[in-house]
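Several structures are given next for inspection.
What follows is chain A paired twice: with chain B in the first complex and chain C in the second.
Coming up: the complex of A and B.
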């Protein structure tokens, strides 16, 4: 009787767990399927490569300019943020006093909680207007770098924490200074994991729309920025603008197509990051 | 307790500048006086005093938790928050010229678990070598160090192979070679043959005896037979104190303290 009751309880708890877990797995899958189903009519090589002359506002000329703009902004943001993230994490792990560590932790937790549009607004006021950089690639990249900085710092910290203590101690026992330990032991050992963090940050940068709306992008008319101070077009803002044209089915299907490409791009970065992480663990 | 600390905590500890000297003791390769250590409120070492001769092997035996490994960490400067005096070649380690990093070069430490770096065998041996003069004769140094660690014959044809491809016993000997390459004045070994096969154990002991002719060795071991085989002198520690120190032969055959006798007989100690 007792055993039967235990079995009954076990079955109920299993059912509850399944009931809670299945929607969480199913809903994203349904959303993804829906995006690709809607995007299917426009998705082809011509749509991605297009003519890229900007004449069709990303509707008749493909989304190549937008794709490149998104990638350029994400890469530049990570290139700007990465050295600062690495420096901050190394400072935190090696030289910072416990008080400074607490301060840094609080600051990065706070930075992570700030809505990205606030960064966009700050970028508009300071970079676009005060520094007179205008709506440009550099303004957007700097603002996006600020958005991904906390993520990169926390990832770098986690990577450094995974380095076994005896590995560091073995270096210290040889009389290696902290600088040598960082450059010759820590970084060569963890560069794959640091690269993983960089890819994840790039995926995050690709997902952001608000910070670049005021600082970097224009709807169309721009194919390829001439300089760091030229505006760009991006997939994120392209989807945003097209979605506002809710009455035109052709425009909406272009928006779905752009969304599918963006999802594929972010998913590819995620998969690559996962692969690198596994290699790093190995 | 030590395991709770992160790599960075250790690195941070190494940044603390050494304090002012307390005394200047001559003679002996290493002299320890009234060494005390407290970690997280727990007393690990209490009034430890002993000296290390200028050559030969000194074994440290004692039950688990006696503070043997912590003692080595204090001597090497991996732990710096101790009290008392540690003098190396007559100079207090707290005022060592060049700070703790330089002290660690002079007082080498080989851990129980071999740790090889993500590099080739050759690069691992050269890891601690500084200065262009030393680097110019790196090949010569690599060969000599590997010979001293009884590893040369096994790896001479694959010096550029990754060090991780070596067996655990070979990795431990590579760690010895790496430590020897920087020519330390004193070498500390923390259970260097624990969990190794008999052949590797024998090779490491041979290497230690060879090294001990030039460099004083302080070896923590749980293997009482090994301590006897290594000869030299033996220190028996229990509950963070040195209970007895003497010539190995005498300590193992005619121990003076009842605690030593009990430990040698039953491998337990009821000091605490």
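Coming up: the complex of A and C.
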């Protein structure tokens, strides 16, 4: 009797878990399939490498310009953020006192929690208006660099922490300076994992829309920006604008196509990062 | 010497960013505070053309959409984590987990597209609404966005519970039910709480997806629990109006103040998260 009641309660608990969990696992999967199902009619090679010139306002065909703009912004953001992130993480490991370490950790955890749109606003005030850089590639890249900075710093710190203490102690016992320890011991050992962090940061920069909406992008008419101070078009804002064009089903299918390309791009960066991480473990 | 200089300079600069960001936001929204005092924070009317900048509608909208999202995503996410960590075989588990990690990286604008062209028509036809652009739509969309984060972090927390504890419960012969409620959930709770706080921060700061589905009407829901009405959140207001506001006007200052409030709430949440995390 008792055993039966126990079994009964087990079944109830298990069914509650299954009942709640199945939608949580299925709905994201369905959603992902839906994106690709909607995108399938427009997805082909011509769609990716085609450039729509000004006349079509990006509606006719091709998202090459947008793809280029997105990648350019993401790469520049990482290039700007990487030296600061690496420097900060190395400072944390070498010169920082325990109090400074606590302060730095708190700062970056806080910075990571700040919504990206806040950085966008700040970029609009400081870079676009105060520095008069205008809506431009460089403004967007700096804003995105701020967004990915905490991610990079925390990732680099985690990587450096995984280096066995023996290595560092052996280096110190040999009387090496901190420069030599960093260049000859830490970096050769952990560069694969540092690269992983960089790829993840790039994926993050590619998936942000709000911070670049006011600081870097225009709707159409740019294929390759003339200088650092000219605006770009990006995949993210392209989807955003097209999504609101209600009437033309062809426009919406281009939005789905762009969304699928963006998801694939971010996912492949994630996959690559995972592979590199596994390589770095061995 | 160069090395030391580089390291210290970058540490100093990058840790100053947060101060600089908050400082510039405060400085740019100062004209509004100077002119209207702090009363506008609890004002209920937002009409930029009449210089009325009540923050309450957007604050309540933000609060509601985040609460709805958490109410949906937290139970489902934790259940999925339990299923994954405890009930599914190893191979299925790692696949599901990897898929979830990928889902966590899906750009928010893609969710916005889904919201407009999948969720809104669904809501309109199922609930017989005039417009699907409601707080509920925003809540559902946010729930979908934070679900992977909650699931991945909760699964980590549940798997961190020691195997010997599970075995001890088995030896007592009191069933899986007790393992779940008496061992797994209480022990993993600090981790789950951190997951929930992080997800709250993410949901609150989400911009593009929310602004496409929330309706962007500055009104406190009537009655206040009616989430089938269009509303506004802090982020959707900034996203909708920033391009229209002229530089250095009061409207501009008010929008920047919205940003400042977002940043301060986010900072408070992150302090809470990491104090809890440190206490564990």
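Convention: the second predicted complex is superposed on the first by the 251 of 282 C-alpha atoms of A that agree within 3 Å, B and C clash if a C-alpha of one lies under 4 Å from a C-alpha of the other, contacts with A are read in each partner's own complex, and residues count from 1 in each chain.
We adopt the following convention: a contact is a pair of C-beta atoms (placed from the backbone, for glycine too) under 8 Å apart; a residue touches a chain by one contact, two chains touch by 3 or more.
Quick caveat: nothing in here was measured; it's all calculated off a predicted structure.
Participant: What is the contact status of A:84 with respect to chain B (first) and chain C (second): first, second, both, or neither?
Facilitator: A:84 sits against chain C, while chain B stays out of touch.
Participant: Based on the superposed arrangement, let me know which partner A:160 touches: chain B (first), chain C (second), both, or neither?
Facilitator: Touch partner of A:160: chain B, not chain C.
Participant: Between chain B (first) and chain C (second), which does A:117 come into contact with in this model arrangement: first, second, both, or neither?
Facilitator: After superposition on chain A, A:117 lies in contact with chain C alone.
Participant: Comparing chain B against chain C, which has contacts with more of the residues in chain A?
Facilitator: Partner with more touched residues of chain A: C.
Participant: Considering only the touch criterion stated at the top, classify A:264 as touching first (chain B), second (chain C), both, or neither.
Facilitator: Touch status of A:264: no partner.
Participant: Does chain B (first) or chain C (second) touch A:13, or do both, or does neither?
Facilitator: A:13: touches chain C, not chain B.
Participant: According to the stated criteria, A:178 is in contact with first (chain B), second (chain C), both, or neither; which is it?
Facilitator: In the superposition, A:178 touches chain B and chain C alike.
Participant: With both complexes overlaid on chain A, does A:106 touch chain B (first), chain C (second), both or neither?
Facilitator: Touch partner of A:106: chain C, not chain B.
Participant: For A:25, select first, second, both or neither according to whether it touches chain B, chain C, the two together, or no partner.
Facilitator: second
Participant: Can A:94 be said to touch chain B (first), chain C (second), both, or neither?
Facilitator: Both: A:94 reaches chain B and chain C.
Participant: Common interface residues of chain A with chain B and chain C?
Facilitator: In chain A, residues 94-95, 178 are touched by chain B and also by chain C.
Participant: For the complex, give me every residue of chain A touching chain B.
Facilitator: Touching chain B from chain A are residues 93-95, 160-161, 163-178, 181, 184-185, 188-189.
Participant: Please give the residue numbers of chain B that touch chain A in the complex, ascending.
Facilitator: Listed in rising order, the residues of chain B that touch chain A are 3, 5-8, 10-12, 14-15, 76, 78, 101-106, 108-111, 113, 115, 117-119, 127-128, 175, 178-179, 182.
Participant: What part of chain A is in contact with chain C in the complex they form?
Facilitator: Chain A reaches chain C through residues 6-7, 9-10, 12-14, 16-21, 23-25, 27-29, 31-32, 34-35, 38, 83-88, 90-92, 94-96, 103-119, 121-122, 124-126, 129, 146, 149, 153, 178-179, 182, 203-204, 206-210, 213-214, 236-237, 239-240, 243-244, 252, 255-256, 259, 262-263, 266-267, 270, 274.
Participant: Chain A touches which residues of chain C in the complex?
Facilitator: Spelled out, the residues of chain C in touch with chain A are 3-4, 6-11, 13-15, 17-18, 20-21, 24-25, 28, 73, 75-80, 82-84, 87, 96, 98-103, 105-110, 112-114, 116-118, 144, 147-148, 151, 174-177, 180-181, 198, 201, 204-208, 212, 235, 238-239, 242-243, 247, 255-256, 259, 262-263, 266-267, 269-271, 273-274.
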